[in-house]
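Shared chain: chain A. Partners: chain B in the first complex, chain C in the second.
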Partner chain A sequence: MMINPFYSRASEYIELDDKFLTLFSPEILSIFNQNSFNLWKNINIIRSSPGGGKTTLLKLFTPQVLKKLRETKKHQDHDREIFSCLKNLDVYDNEENIKVIGTLLSFNTEYVSIEFLQFTESQKIRVFFSLVNIRIILSVLQSIYFLKNFTTEEDYSRIGIVKNNDSLPLSIRNISNGFDLYQWACDQEEFICKKIDSVYFDNQKIIDGTDTLYSLDLLANQNLTIDGKLLNERILIMLDDVHNLSAFQRQHLVSTIIHKRPPINIWISERLKALTMDELFSEGDTEGRDMNTIYIEKFWQKKHGSFEKFAKSVANRRIATPFETRDFASFLIEEFEESEHKRIKDVIETIKERVLAEYGTTLRYQSWISLKEMSENNLYTQAIEWKALEILLYRDKNKTQLRLAFDTELNEVDLGNQEGSDVKAAAQLFLNKEFKLPFYYGIKKICRLASFNIEQFLSIAGHFYEEIKNNKIKKVVTNGHKLEITPERQEQIVKYYVNKIKWNELINKVPNFSQIRIFMDAIGEYCAVETYTPNAWNSPGINGVAILMSDRNLLKNTALKDKNHMYHSLAKCIADCISYNLINFDLNYNCKNKTWMILYLNKVYCAKYNLPMNNGGFKEKTLKDLLSWFKNGYKAKNTNKLIL
Partner chain B sequence: MKEDVVHGLFYKLTGTLYSAEEFTSNRKYFQNMARYKYDGYKQFSPGMRFIERFALWLNQFHNMEDRKTALNFVKNNLVYISSPELDLLVSSCFPDVIKPILINKIAYEENIPNYRVNEIVNSIEYKKILRQSLFFGLSDGARTEIFRRSNPATISHEQVYQTYELSTKRADKMQEELRNDLSDKLGRDLSESESKFKILFLLDDFSASGTSYLRYDESEGKIKGKINALYESIFNKTEIENVFDTENLEVHIILYLCTEQAKNSIESNFNRLAEAHRLRIKPKLHILHLINNSYKLTKENSNGIIELCNNDKYYDADELEDKHTGSVKFGFGECALPVVLYHNCPNNSISILWAYENSKKFGGLFPRIPRHKEI
Partner chain C sequence: MIWENYFIKESDEFHSFWNEYLGKQDRNILFIMGMGFDPRTNDGIKAIYSIPSNGLRSTTILRYYATEEEATVTPMPIVQYHINSLESFLQENELENFKVKALVQRSFDDKSVASINATQLFSYDDILAYSDVIVDISAMPRGVFLPLLNKLLFLINDWNKQCPNIRDKKNLHVVVTENPTLDSKIYDRGEAYEANYIHGLAIIDTAKTRNYEEVWITLLGERQTKQYETVRKNIDPAEVCPVLPFPSKDMKRSDRLIIEYQDLLFNDESFDAKNIIYADEQNPFQVYRLIYKAIERYDKSLKILNGCKVIISVFSSKLLTVGAFLAVFESRLEDKNVGIKHVETLGQELDENSKLNLDEILASNNLVEIWLAGMPYE
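Showing the complex of A and B:
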């Protein structure tokens, strides 16, 4: 039986280029189309939580994939779309020549083993840089090999090196062609690795290391020729999984590249966990004249519609394998089935009775109530309207008691002004909480739950796919059984995913999760109390808390650096939450004449605490409050806020 | 059967027993296990795959509760040894068991510390004793062909023999090869002692009760079993006796898989064997993977499966029992094992696992090919 297509990753298919292209969704390329973004002049640092799509993005720029794409675009609309996006990015020219020689260099955790050698710090960096230089040289040569259709190793001799300079190691200053360079790099790599692996490592006979990234000068396209002609293509070196290096190695590598202003293009991709605590609190803010930092999730956050389009496209490509003619969204029913109608009618009756009992005799509310009684919308919409009315009437009654203005009858225009989408969304949440009518269903909300992380989306969608498969099996047994998933079942799947799968994953994945869990629960429970108030004061509700930027500075500049500081553990906990994508944040948010750092729960955890998934709903808190939550959890003080 | 239909049947049988999430989890679990292991069972009839067999097997249980017990047993207790797993045990046999035996022997005889592995392995004494060793299979489960291929350039083909029933002609041929090889290695003629085999390794895949290897027959007052038969053939045939250094012969029995019950049973008979053949050196038993007693199914640890086995509705005595076996509800020798080997389910496992496919009352999940079949 087929493996769940949502659980495989596009980047896993680099060896199967056409499969990779089938699963690749071009919407991600829009991250390069931002204003004032110069893709080919700057160093690009691409950051995201795990599963943001970094590796998939980088693999697109490798020669194998680019060559395959040039062929397949002739008969595949989807591939033509990717080709066109890449052409706009100057990856292909008008004659469809590939203009980029991209090479992908993934750092695995083995580089960290250099840190355990009996060396001084500077020696360790010299060994590390030697290996990185050699890897870069070999990878670039191999990319040229693929792009220029070389057939044997001897073809490397067609590559010429224009000039060597003094920054190069002595042993390669006289090398003038690619074949000799290739042989030299292979020998050097073997020699260094043998030295490192040797049990009898002799400190005195140290490896001939380097503290510069000379390979970046050596491999500049103006320094390379093919068959005597200068190389036309850009050299692009993509350093992937830089988070796997030690903090010391990463810091040296990244700062050396930035300060070097290399004559070739370099992209660095890493997970947020690579950032120091300090950087985490400042979004790793290292923007400069010669570099761009792209946060994939942050990018999507500003373009929710685009992310939704991207996610749908990714899902449709996955579902196309088993269900050729259908969109993923078409399996997620958004309307309630007839069997649910009686239940919804009962809900409407219950709310209506409450409204009439509480407000029915007040003249001021007569026309609002009549309007709802005349509604001809579908039953679920009517239920939302009645709940929204109950909220609005509660609000108005409390206001009018203060104003003592009971006699003025409210009209349709007043209702229209007050019954905004936020109140309706709050009403949906309240219906969910009180009557268990589903809230977390439909493609839009599922996309929202992903918190702008494509892997998170695929994980949730993978569970929906299993349900579709179950329905297909049930259809064999019960003729007429639908493949589609009802709203109620969608919500059950979401809740199961977040409470059982995702939450249990965190126990194993996140260090000190028992402590972090208390803090997360506190934020979630607090937001729930503030969301489910009878007047829905902050409709549709809140899913975050905010601290003053000055408090954030205290955490970043003082508390994090001083282990004895009263807020040190809290600061570390918040940094861990950011690093593991449990919390997303916004900086410098202006509100009430102050600037704030907002800490939002990752959207998938909103489903755990029954919270809305919109951005913008938060409440201000002090560090003292947060510290108390961190230590003791949240304890609701004013229980009369709870309506249910 | 079409895949969706098989899964449909599986849903029909188990869907109502579990929540939607549990059903999905079960479906994925068995689907994966079928792909990685269970579909490789050699005794499924042609075209049959695990999920299909599983659905048919569950369908035989008379009520939902029994069905749930059976499904949970397969999910939580079944021990299935696949072909790659057994291959791994066979190929580990030389480096993990045999080589250390030889190294320790040379270390002791030559007074070299046994941690100086390279020195010992490169010594002529090691090479000599290695060549003076023979490797016999105790059944076709010994997979001597895998053993041989896993150790190329270490063991000569002439040292490996598929069976323990050695003919005089074959023994002479082996000795002749030994003489030729060893005199080439040493560059001289061999002494009489040097041209005899000194170590015998007996290989087999699995033992659950140990009785077929070595047992004491109280009624006859005799020791019996394959190992005894081998000793008889070596020590009682003069022609073969000359091939082995019988005075100093070391015999090592190596089982890839063995239960604790079998281990205790075999080892408890070594003294009687030594007495019967007046042995100076008793044989030694080595096990690559011991199945300890905690795997044996009991009322306490089996979550109801023992009760199912005891239920006569799920036991076809007429088909499964014969004069050798007695009741095999809990497997031959009351071993009550949850073990399945990829090529044939041992009859020491509980009968609902291995009951013959043609049993009228109840067929097993991994039906066994009968060993002793009345024709």
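Showing the complex of A and C:
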């Protein structure tokens, strides 16, 4: 049985450290290589949509993986590359010693229960902090255990605690070694967890609590010794899945950490949905004196090429299990098969006839038409060229009618100037819409569809892999059946994925999706109308709308906070779209002497509405327009729109 | 095993049992039921409260709201119809009107609170006056009736332990109106994004148990692949053991389920076809026995690797859910690391087309009585 390697566990769940390393793609580490970025500032906050790769990234910094990497890099080029990246990040020193004791602490939904027990607000935080402190202590001690090659629990006694202070709970003020601390923390953890899960709520009132994150001082490397010597390594606490906490707990935890300026490194990782509505409308990368904030998708958004390289690398690592010698892209055919030639020839003929009938007798266009007639490019390229020509002629004719200048013949240079890649891309989309020639195929476009989210990419790639698997079975029965997927079939798979899988997922996943759907459909349908104008005025098309930054401020600062505000529901809908990764946004975009917030559809939904996947194509709208879409959907005007 | 010898009555036996039980002596009954759109909502209470008897007859209905805001909205017409119908029935029979307990499923910041709120619904004070507590789960979602039954079983077992006189012991009954055809016409409107342990049925994940191997026993049901996937992504089991309904009224049901779940099962390295457990779709106590034994075996064999955690997820019928719950309840009493992980359904609705022949579908309703605690087990 061939297991689909794209559907198998996300790499964060892979228990075996060598398999984790095999599937890890070092390109993601480039998020730490941005200008003026200091990885070892005390606090890093890493945010993304689900599947952005946060946990995988954090897991790399755990001692088990770092130790394994130090071994495997001797005989694996791939691992050597990761090692070298980490060495540059100061994770290993020149002697290849590990300089970081990283510990990954995931917040599951268990913590939320505390919020709903019969406690006062301050008691809730005290119990919550109590559990967080204990879990941090246990997690750091266990990481030291792995890094220092301890073999039994008794080895914890090799850890010494230099000084205790008054902020600690009474019961551990006299503890001076790791073993006693470990035992104390284990007992406390079990006691608290059992109380929290108890069906008898009166029992829970006896839990001791604390107001401070004392563990961050207790575990500073200056406060810990191993065999009597001060700990050299930097302590790194990675708090993962912070979005699982209640809003109150998250806000309290993050603000306490930031205000505390702890003497150890803390990374906080969370999904966008954890952000408040207000934060969702705010700028991506923010920095403070002791803090960096990284938005993974926003980082990739600025580096299309790097994401493509990263996605390909991830796919190749996955597909190497069943197909050792091939890369993933080689299964996605980019050329049309011979069986399609007749169809494409018919397309060319149809467009050519239209062009000749409309423009063939006009002297001004003779050279352009002759150039296309002489083209020796492959058939699909010729089809694109003819469609691009039709677009350009349409544009020119309408401009010329205004100028009344039909007598000047256009030459090859004029054509070259006007027939840019944007017009050709628009032509491809038009061919797709009119003649059903595929558009969404090939590795580049598949990477784009992922909208800079690696899980989304793996999910699409998984569907392609299923097809490859089917082809493999068919090949057994029919000799000569290809494993590779034709462009047409690729597009069918993409459409099926978007319309059936992804869209149905949203129905179940996103609260109030029926309302959000109306808004998404409105944006999609509006962009399609603007994209498929005969003159392709904004070639290759648009996939977003923009609102003035002043309107964005109104939504963020007023409408969101006032339930009775006329734009409250609209603001909430936009925030939900951002939080569930249905919409990506750019702030402070300058255009027409104004600054804008652009709302782009997530690329995967561009395929639903037959839109291009480039960034930059948008049209300005007012809040009034968007509110009308949100309430009633978009209603296209029947006029044949033309923009010169 | 607590429920090795069990008590279950269905169809005609359901009615004759209740006639006999209530006819013999006065029983003071607290009837707890969900109030929703499900056409079976009032069947159980009408069947039992129609039997003449002199004891107390109290009724508590649970109203579910996705959020606190929803609690202020007028109920759907079908829900209001069921409320009115129950009100008239109680009046006609000169019975005290029902009390309402509200149950909010999601917090303001969209966290699941259904199970913790359901656990808080009843305390000793609420059941003291009654000899029999009947929970009708026909119109209750899993995320509500599992924590509720868990709490009531604790309350009643603890009461019975310190009660010397068998006549004063309290009884817990579960009533469910089974109708697989109707079940297949009810669709989820949306489920929560995350998988959570049911409050009171969580596995305590501590430093000492964190590296224990996980085993996932999952009862498969139709149209629940998304929920299945959500739980699967949340755990890391060494073994996946699907439970399929066989024997079943529709003999091909298991095959169809395997086809429905094929991508998820056969692409999972932790799944082995040898791990499939087959359980009678009509008998919750067989599911209980099979799951209880499976937990026992895994617990024993994985002891050499320090220990194991057995996670149960139920995507199947209410009857089988009750069986799985009993296995978990008993295993937890024996200090095994067992819990129920669940993906909450935020709303359900009846297929529009099925409303046309609803009477025909409802004709095959089958009332089932499961006696969980009290006299038969003392």
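The definition used in the following text is that the second predicted complex is superposed on the first by the 614 of 644 C-alpha atoms of A that agree within 3 Å, B and C clash if a C-alpha of one lies under 4 Å from a C-alpha of the other, contacts with A are read in each partner's own complex, and residues count from 1 in each chain.
Going forward, contacts are C-beta pairs under 8 Å (C-beta built on N, C-alpha and C of every residue); 3 or more make two chains touch, one makes a residue touch a chain.
No experiment lies behind these values; they were computed from the predicted model shown.
Asker: On chain A, do chain B and chain C fit together or clash when superposed?
Answerer: Overlaying the two structures gives a clash between chain B and chain C.
Asker: Touch test for A:Q492: chain B only (first), chain C only (second), both, or neither?
Answerer: first
Asker: Quick one: chain B or chain C, who's touching more of chain A?
Answerer: Tallying touched residues of chain A, the top partner is C.
Asker: Regarding the shared-chain residue A:N470, is it in contact with chain B (first), chain C (second), both, or neither?
Answerer: first
Asker: For A:F37, select first, second, both or neither according to whether it touches chain B, chain C, the two together, or no partner.
Answerer: neither
Asker: Touch check for A:K194: first (chain B), second (chain C), both, or neither?
Answerer: second
Asker: In the combined picture, which part of chain C sits where chain B already is, 117-125, 279-287, 297-305 or 351-359?
Answerer: In the superposition, chain B collides with chain C along 279-287.
Asker: Can you pull the chain A residues that chain B and chain C both touch?
Answerer: Residues common to the chain A contacts of chain C and of chain B are 1, 466, listed in rising order.
Asker: Show which residues of chain A lie in contact with chain C when the two form their complex.
Answerer: Interface residues on the chain A side: 1, 3-4, 7-10, 13, 15, 108-110, 112-113, 115-118, 138-139, 142, 182, 185-186, 189-190, 193-194, 197-201, 244, 246-248, 273, 466, 505, 507-511, 513.
Asker: Which stretch or stretches of chain A touch chain B in the complex?
Answerer: 1, 466-467, 469-470, 472-474, 476-477, 489, 492, 496, 500
Asker: Write out the stretch or stretches of chain C touching chain A in their complex.
Answerer: On the chain C side, the touching residues are 107-113, 116-117, 119-120, 147, 150-151, 154, 188, 190-191, 193-194, 196-197, 199-200, 202, 204-208, 226, 233, 236, 263, 266-269, 346.
Asker: Report the residues of chain B in contact with chain A in the complex, numbered from low to high.
Answerer: Within the complex, chain B contacts chain A at residues 3-5, 7-12, 15, 20-21, 23-24, 27-28, 31, 35.
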